[in-house]
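Everything below concerns the one structure shown next.
Here the chain labels run A, B and C in written order, and each chain numbers its own residues starting at 1.
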Amino acid sequence: MVIKQIAIVLFDGFAFGMLLFVLSVGLSVTLGLMNFINLAHGAFGMLGGYVAVASMQYLGLPFFLALPAAFLAAAAVSVICERTLFRRLYRSDELNQVLFTIGLVFVAAAAAAYVFGTSQQPIQVPSFLRGSIEFSGMRFGAYRLFLIVVALVITLLLVFGLELTRFGAQVRASVDNQRTAQGLGLDVDTIFAITFALGSGLAGLGGALAVEIVGLDPSFGFHYLVYVLIVVSVGGLGSIAGSFFAAALLGICDVAGKYLVPEIGSFLIYLLLVAILFVRPIGLFGRR
Amino acid sequence: MTDATAASSESFRWLQRRRRFSVYEIAFWLATVVPFFVFPTYLTLASQIAIAALFAISVDLILGYAGIITLGHAMLFGIGAYTAGLISKAGWGEPLTGLLLAGGFAGLVGFVVSFIIVRVRHLALIMITLGLGLLSYELANAMEWLTGGTDGLQGVDIWPIFGTFKFDLWGYTAYGYALIVLFIGLLLSRKLVHSAFGLSLRGIRENLKRMPAIGSNYRGHLQKIYTISAAMAGVAGALLAQTTSTVSLDTLSFQRSADVVVMLILGGTGRLYGAIVGAIIFMVARDQLADMNPQYWYFWIGLLLMFVVLVTPDGILGALSRLARIRE
Amino acid sequence: MMPDPAIVLRTEALYKRFGSLEVVRDVSLELPRGARHALIGPNGAGKTTLVNLITGQEKGDSGRIHLDGADITEVPQAARVRHGLTRTFQINTLFPALTPIESVTLAVCERERVAGQFWRSLVAHRRAIDEAFEILQSLGLAEVATRRTRTLPYGQQRLLEIALALATRPKVLLLDEPAAGVPKNESMLLFKVIEALPEDISVLFIEHDMDLVFSFASRIVVLVSGGVLIEAPPDVVRNDQRVREVYLGQARHG
């Protein structure tokens, strides 16, 4: 019996972790690449969620088209933000970057509240994702399985993309040593713009995927920002493996903590955060 | 007097001038008694502003002067508040000793935390301060038996100051008390900032890499300023507890940590008075716009933040001093 | 073995690798008191890394460092400075918003261990301020003592680099390309300043400009691919076949 409970907690936790991974991996890579602390990443996630919901409600798009719509919308908006606003702050100090991008999240949250109201947004996922799958006497949520599959596919695409494509090699080189990469003739500017768009797009996709599991309201940008930051800092900047592992760890600890000791809330997560960063400030898989 | 001594005196006099009280400072402090006479209905707000200003100064010491970015300083504020409240609940309602004890305890916690703070930088530092702040909130929430949880601390009863000045509903005592503590806090901070220690903090902020290269024990300096800042934040929190006779969880909230950083950016970091100016603007704006939907308050704050960072990263005092320099 | 009192800095088989790249290979150097030695070598030879190892900014994989007979291999950078081992940086590592008088006074106060006193006003440290001013004066920076560092022309910033190092009262001074980026006419002046440094200070400077090296060094160490190729007086080095090959293999300079 206890094994079954543990299995369910692990499963739910891992699925939540996979959601966090999709939300966070973009920020990890762009932070490692450009050292620009973009807290608006959470807002791009929120944008993706609202685009998915709105496109299904008002444009009648099916769920599986709403997801790429969320990705593209977040990617497009992020590129506009990057070109017009963010690049002025690349040489700024960290505090200014933090405050500016937080300001953007405030504005985005207020805009979302104005347009959509403050209540939770409903979403209709396809019926085959709504049930659960029985296995050895335990019920595994179909949507959670879907999340895990999507995250694993994205992980594979990212890893193969980085390791096997030429663009991937350029990204890796730029993350490793920007100045040398530039000296070798790599157009770091464009590399960053594309990577930033991809990363923000993934955040948007994550936001769209999140609606069914954790809901969507204007506070999404903040609430999940903390989780995303924990994943990125604990995992290590610029590391996909780090984000994956940290996200899984965070998801499992969060679900387990709330299941076992609900009064203590997220205390365990924050304690782990402080402890891990103290022992290894660059994150579990961080380099340099 | 040889040329050398004359020239060195010039440098020396330049350094001396830096720490003189400017006429604006004196005017400012004279103006702080105005609320007693002109805005008596706003005395409660005025004491809230004074408390926020003291808290903001404590953050300016580490953020503006030493360059430690913190998103969790409310932890120390809240510890000061709860300590002062609990001391009073335990039967000792004397405000001044309560204030010092609360500040001392917050300073102690700050000292312990400082060992962690000096070992990390950049994102890890931001996340650790954030994590510690969130952690203390959850802990206080969970320890309902001690803190009262979401209901807040009940039964806080503060005795009159020196046996004569009672804390009444009009807020005269509260404002006078908070104002004097703020003034003392500012004077002490001012002294610190214009000492050799203050210079070393600015060195740390300007170029950390150079500090060990000139033989500096910069980690020790950082621990020292963090501890002092923690004590001051604790005093500010204790002030809040004593003047309002309540302590609630929001003294430890991320909201409070974030608000104080916004105040600093508004007013300008690294100037002490920027903290005060920022606190005044923020609190007055929030009070005036309190009727507004919370959504819209965040919209304007967000826009203001973006504007200030892009256009005047030194905040309002920075912009003013640049204007003053241009006019010269 | 008794340490030789005439040798103030000695390294023993210093070794450092980054991954599979050996950046410093088995470097054993001796710097006598009052030396004016130069450290040269092609780009990427490991000169700056060697200085980083000696000053404690980076930790070597093996080897030992001795200052005045004492083993300082495990001693952190700030402590090495307090023992008299100071460096300057190839890229200006100054305090942009501070003025030269403030910067150098800070260095003096750190040396005197009074920089932690938060209750005493800075202007109470009159002797430190006077000493700082004297140092600035000896480097020709007295006129700009109260101007913010970031507003100073590059050449003066380079001099301020040296001023900061002098404020620590070094026994051994390691100068990392002190004339880097400085136009030719000014670099000669800069090196005259270096030449005029007190005789009891031992100087090891990294330089690329061969005119400066041969004019001011009494002994030259040539570092190639992390290892010492030769260590000899200028004439010997100038005529060494291997040195010529190493430098002729580089791009020709005017």
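Assume contacts are C-beta pairs under 8 Å (C-beta built on N, C-alpha and C of every residue); 3 or more make two chains touch, one makes a residue touch a chain.
Model, not experiment: these values are computed from the prediction.
Chain-to-chain contact here is organised linearly: an open path runs through the chains from one end to the other.
Chain centroids computed from C-alpha atoms place B closest to the centre of all protein C-alpha atoms shown. The most distant chain from chain A, with centres taken as the mean of CA atoms, is C. Measuring from the averaged C-alpha position of chain A to that of chain C gives a distance of 47 Å. Averaging C-alpha coordinates per chain places the centre of chain B 41 Å away from that of chain C. Averaging Cα coordinates per chain places chain A and chain B 34 Å apart. Those residues of chain C in touch with two or more other chains do not exist in this structure. Chain contact summary for the complex, chain B toward chain C: residues 4, 7-8, 10-12, 14-16, 19, 191-192, 194-200, 202-203, 206-207, 209-218, 220-221, 224, 228. Interface residues of chain C, counted against chain B in their complex, comprise 55, 57, 76-79, 81-82, 86-87, 89, 93-99, 101-103, 105-107, 109-111, 114-123, 125-126, 128-130, 133-134, 137, 142, 145-146, 164-165, 167-168.
Against chain B, the residues of chain A that register as touching in their complex are 31, 37, 85, 88-89, 92, 94-96, 98-100, 102-111, 113-114, 118, 218, 226, 229-230, 232-233, 237, 263-267, 270-271, 273-274, 277-278, 281-283. For chain B in complex with chain A, the residues that touch the partner chain are 63, 69, 71, 116, 119-124, 126-128, 130-132, 134-135, 138-139, 141-142, 258, 261-262, 265, 269, 295-296, 298-299, 301-306, 308-310, 313.
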